[in-house]
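Naming follows writing order (A, B, C and D), and every chain is counted from residue 1.
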Amino acid sequence: MTDMTHTALAPRGDFPLLAANPLLHYLDSAATSQKPQTVLDAITHFYGTANANPHRGAYALAAAATDAYHEARETIAQFLGARDSDTLVFTRGTTEAMNLVANAWGRTHVQAGDEIVITALEHHANFVPWQQLAKSAGAQLRIAELTDDQQVDLDHLASLLSARTKVVAITHVSNAVGSITPVAEVVRLVRAHTSALLVLDGAQGAPHLPVDFDALGVDFYAFSGHKLLGPMGIGGVIGTRARWEECQPWQFGGDMIEWVHDMDSTWNVLPHRFEAGTPNAADAVGLAAAVRYLRALDMTAVRAHEVALLEYAQERLAGMDGLIVYGPPADARSGVLSFTLEDVHPHDLATILDQHNVCIRAGHHCAQPLMRRLGTSATARASFYVYSDTRDVDALVHALVEAQRIFAPVDA
Amino acid sequence: MYQEMILQHYRAPHGRGLPTGPAVHEGARKNPLCGDDMRVGVVLAGDTIAAVGFEGRGCSITMASASMLTDAVRERPVVEARALAAAVEALLRGEVVREELLGGDLRALAGVAAYPQRVGCARMPWLALLDALEEARGTRV
Amino acid sequence: MTDMTHTALAPRGDFPLLAANPLLHYLDSAATSQKPQTVLDAITHFYGTANANPHRGAYALAAAATDAYHEARETIAQFLGARDSDTLVFTRGTTEAMNLVANAWGRTHVQAGDEIVITALEHHANFVPWQQLAKSAGAQLRIAELTDDQQVDLDHLASLLSARTKVVAITHVSNAVGSITPVAEVVRLVRAHTSALLVLDGAQGAPHLPVDFDALGVDFYAFSGHKLLGPMGIGGVIGTRARWEECQPWQFGGDMIEWVHDMDSTWNVLPHRFEAGTPNAADAVGLAAAVRYLRALDMTAVRAHEVALLEYAQERLAGMDGLIVYGPPADARSGVLSFTLEDVHPHDLATILDQHNVCIRAGHHCAQPLMRRLGTSATARASFYVYSDTRDVDALVHALVEAQRIFAPVDA
Amino acid sequence: MYQEMILQHYRAPHGRGLPTGPAVHEGARKNPLCGDDMRVGVVLAGDTIAAVGFEGRGCSITMASASMLTDAVRERPVVEARALAAAVEALLRGEVVREELLGGDLRALAGVAAYPQRVGCARMPWLALLDALEEARGTRV
């Protein structure tokens, strides 16, 4: 058995919800993460000391708000490896980020006869915007299929790439089964065969892997704050300056304009051009506190912690009757254990586990196209993060055995 | 929630398989959250449900609810089946439902009320039944 | 002089930023409001007791998150007079709300040759989305001009309305000069002459006036949480069911779908259809706490308090040399004092006032079209809210006199 | 920030009015935040600024900065004017700038550094000047 202490990477005591519920086994971090006290404090501190509308006021309090928002952008951009922090545009999360890119770049660049390539792994947030763009532009959506262990089939992906390919949008890490995309190889393939826009869905990448945007070689990288210890309502997308310059504004309003004439307008510079309206500065400040917390933990250690937990879980579950675990081996998988158990519907599993204080997710994980390909309508999914430990895994295993006992066929 | 009654119906559901023939009226429901689907078919003889059956996949709650449904409405007047559907709905919402209105195995569904996220599972076959009865009303003119 | 005590309607002590800065005179509430402790507590409480991804989990914690989000929607809808809370769609704020309506309804209903009517009072958030929609659809943008005291000129508005009018978008209250739109008359005019979509920008209406959506008779009403004591990052738009049903989804992703097939998708019901991705549940819960706080104050009292402050300010400023105050009389004006002072540029005013701890806004207030019509590039603006009192006004007047002294022509 | 020096220049700015004639090179800047605009015109004689003037509206900081600018760069070599612009920029950022690099009235702008929201006001004329010099370079070929 893997040699592992009980210890989580981050003390439960840092997380008010976990501290208040010592018996809770929260294994749904791929849906949203718990928040450390430092993040809540940062938000409260912003409202208590610097609350004003950023960019708009000529008094000291407004300057404090503007500075706090600006520093948050720098901290977060740096954490994700973007030296030029103005190339980070804040959004509500990955979903809005993908809609932004699909509209701001896609609408002016994708035409009838063009092709958009995505994969069968995608979350609906990186599936439906492209599907609907293709539909409205008269372009063709091409879906790269998967290997038997739910990795993107690179040969199939390569076979879809051509001069007609205008966009390749692909997840960095699958939320549903945990597969990690080999980004370097994808970049090589895409750059070799196309001049397409290459968009990475980093909703599960940014929280769980070290990310170095400037080294990745992709055009856009989207992420959600709430999945990386940050608050809800904030996230963003980093892009190269060259690609941002090819974009048209998508949402219109205050802050993103330069001059508003009666019949037309001109636009502000990056990043403001793509941030219409009062920004969510407080939650950006909260997210900056979250990435500082993660930086102190070190993202390499975060990754190692999740691999260790995954391996521990696999060992403890080895030999369980009727258990099917999806996804690649731990070295190509994020801290996600997606599975089905014979004779027990995933929803029943989730309820029984809940009765044992184990929170997992059951359903299609916003990845219906993937579920169809797995031949199931739903899986159960346990997902780990920095505050998870082996006791959480033990509780999961114990509850699974219990579920199996309850649902065992009587005549078996 | 997982009483023996529910598990029994789940393990060996009654009424599996849709009635056949030209007079079958069908209702279908899908749950986008888990991808489950449920079809319920009825054959009416006048104002009475002469035959009923279901087809579909789902969790134990859905399957048990469907199974109990077929037991409960077979050879019952349509109006009573509708009343039963309303009583089940009330039960699932956690209301007190008198024994005369709702008896037998179906009372085992009361436990579901404590799990709001699962109420939809129990409800699905009943919605499909109401759809089927509605369709029957439409074709009778 | 108006008989007024110093007392604010809401105790400064309820607002951490104001409590910590007893000498601060925050007169920029039209830009963003300060937050009561109860709002910060609600957010912290959500993260500490109910943090999970709403809608998606089958465990008790996820149900708590879903319930909290749902209750927030009900509380806020009710506060704004919408009985059917599912007709309230959450957005980041008014800006996103207007972009939503302009896209979800506008793109499928506005065609070449149609007309969109707005007014010269509009904030850029209710100006540029319609201007750009008109431009891309080949429709005509018509701008209703103003009376001499910056109210919408109803005769001119009426003259613009015709069968060609597809949208009328108008502010409930002007952020720049405070003018209150006589909604009932506008509704009567619009309904009499058109079958147009009637959209109200409630960014300054919801915080300062009692709002009864079901009685207003408009089609959509948009608002921002951060202007009504709530957190940043949350706001919304209420619409009638009939108009929502005419809308196409705008942003695509999780929660807003029903089924995702490979080449097309079907959509979830209201309100989810228009809320793609993980919702900002925490800030929705914070906003619900804010409206509960306002409900306890009573919106009629809020309005009366602002009128009293406005009248007090006008009296204290009466006779000040070179002062021009914009906007209608107090009974048709929100708690906004927008002005210029001869020989002192608004930016200089703001800085000198800041040196006296008085926070005001100087600039175009995101209303460049209005500034052009006023014949100035900028005004200074002081704006009041529930925590404002006569001492704030006294400080404002004192600092203005000081500014005038500093900038007085030497030979005068 | 509002030193007497700044107010004096504001009340009675020097160098108001653009130089005229075919040899004038112009730079223009606008500040979207307040709608202010600033045009600076120069006439070169070889590598020296023979004439300079400005036209525009703005706050006291913008006007004083423009006024001082015309005093400071008139009859100075272009290269020195550029160096001066760089020195003003450093001053506005709050850096220590030696007296030899930046003397006279312009030092009064140092107080602006404490008001980051106002730095743009002081900077505007200098950016317009650099635009004008850039334009001059372009036409000389």
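Basically, contacts are C-beta pairs under 8 Å (C-beta built on N, C-alpha and C of every residue); 3 or more make two chains touch, one makes a residue touch a chain.
Keep in mind that this is a model prediction, so the values were computed, not measured.
Averaging C-alpha coordinates per chain places the centre of chain C 39 Å away from that of chain D. The distance from the centre of chain B to the centre of chain D, each centre being the mean of the chain's C-alpha atoms, comes to 82 Å.
A separation of 48 Å divides the Cα centre of chain B from that of chain C.
Chain A and chain C have centres, each the mean of its CA atoms, that are 32 Å apart. Contact of a single residue of chain A with at least two other chains is seen at positions 57-59, 62, 257, 259, 347, 351, 362-363, 368.
Contact of a single residue of chain D with at least two other chains is seen at positions 32, 115, 117-118.
Judged by the touch criterion defined above, the protein chains form a pattern that is neither an open path, a ring nor a star, and not fully connected either. Chains touching one another, given as pairs, are A-B, A-C, A-D, B-C, C-D.
Taken together, the chain D residues at the contact with chain C in this complex read 1-2, 7, 10-11, 32-36, 57-61, 115, 117-118, 121. Listed in rising order, the residues of chain A touching chain C in the complex are 16-17, 20, 24, 26, 28, 31-32, 34-35, 40, 43-44, 47-49, 51-53, 56-62, 92-96, 98-99, 123-125, 127-129, 131-132, 135, 141, 143, 224, 226, 231-234, 250-255, 257, 259-265, 276-283, 347, 350-351, 353-354, 358-363, 366, 368-369. Those residues of chain A lying in contact with chain D across their complex are 57-59, 62-63, 66-67, 257-259, 268. Within the complex, the chain C residues that touch chain D are 345-348, 351-352, 362-364, 368, 371, 376-378, 406-407, 409-410. Chain D meets chain A in the complex at residues 30, 32, 115-118.
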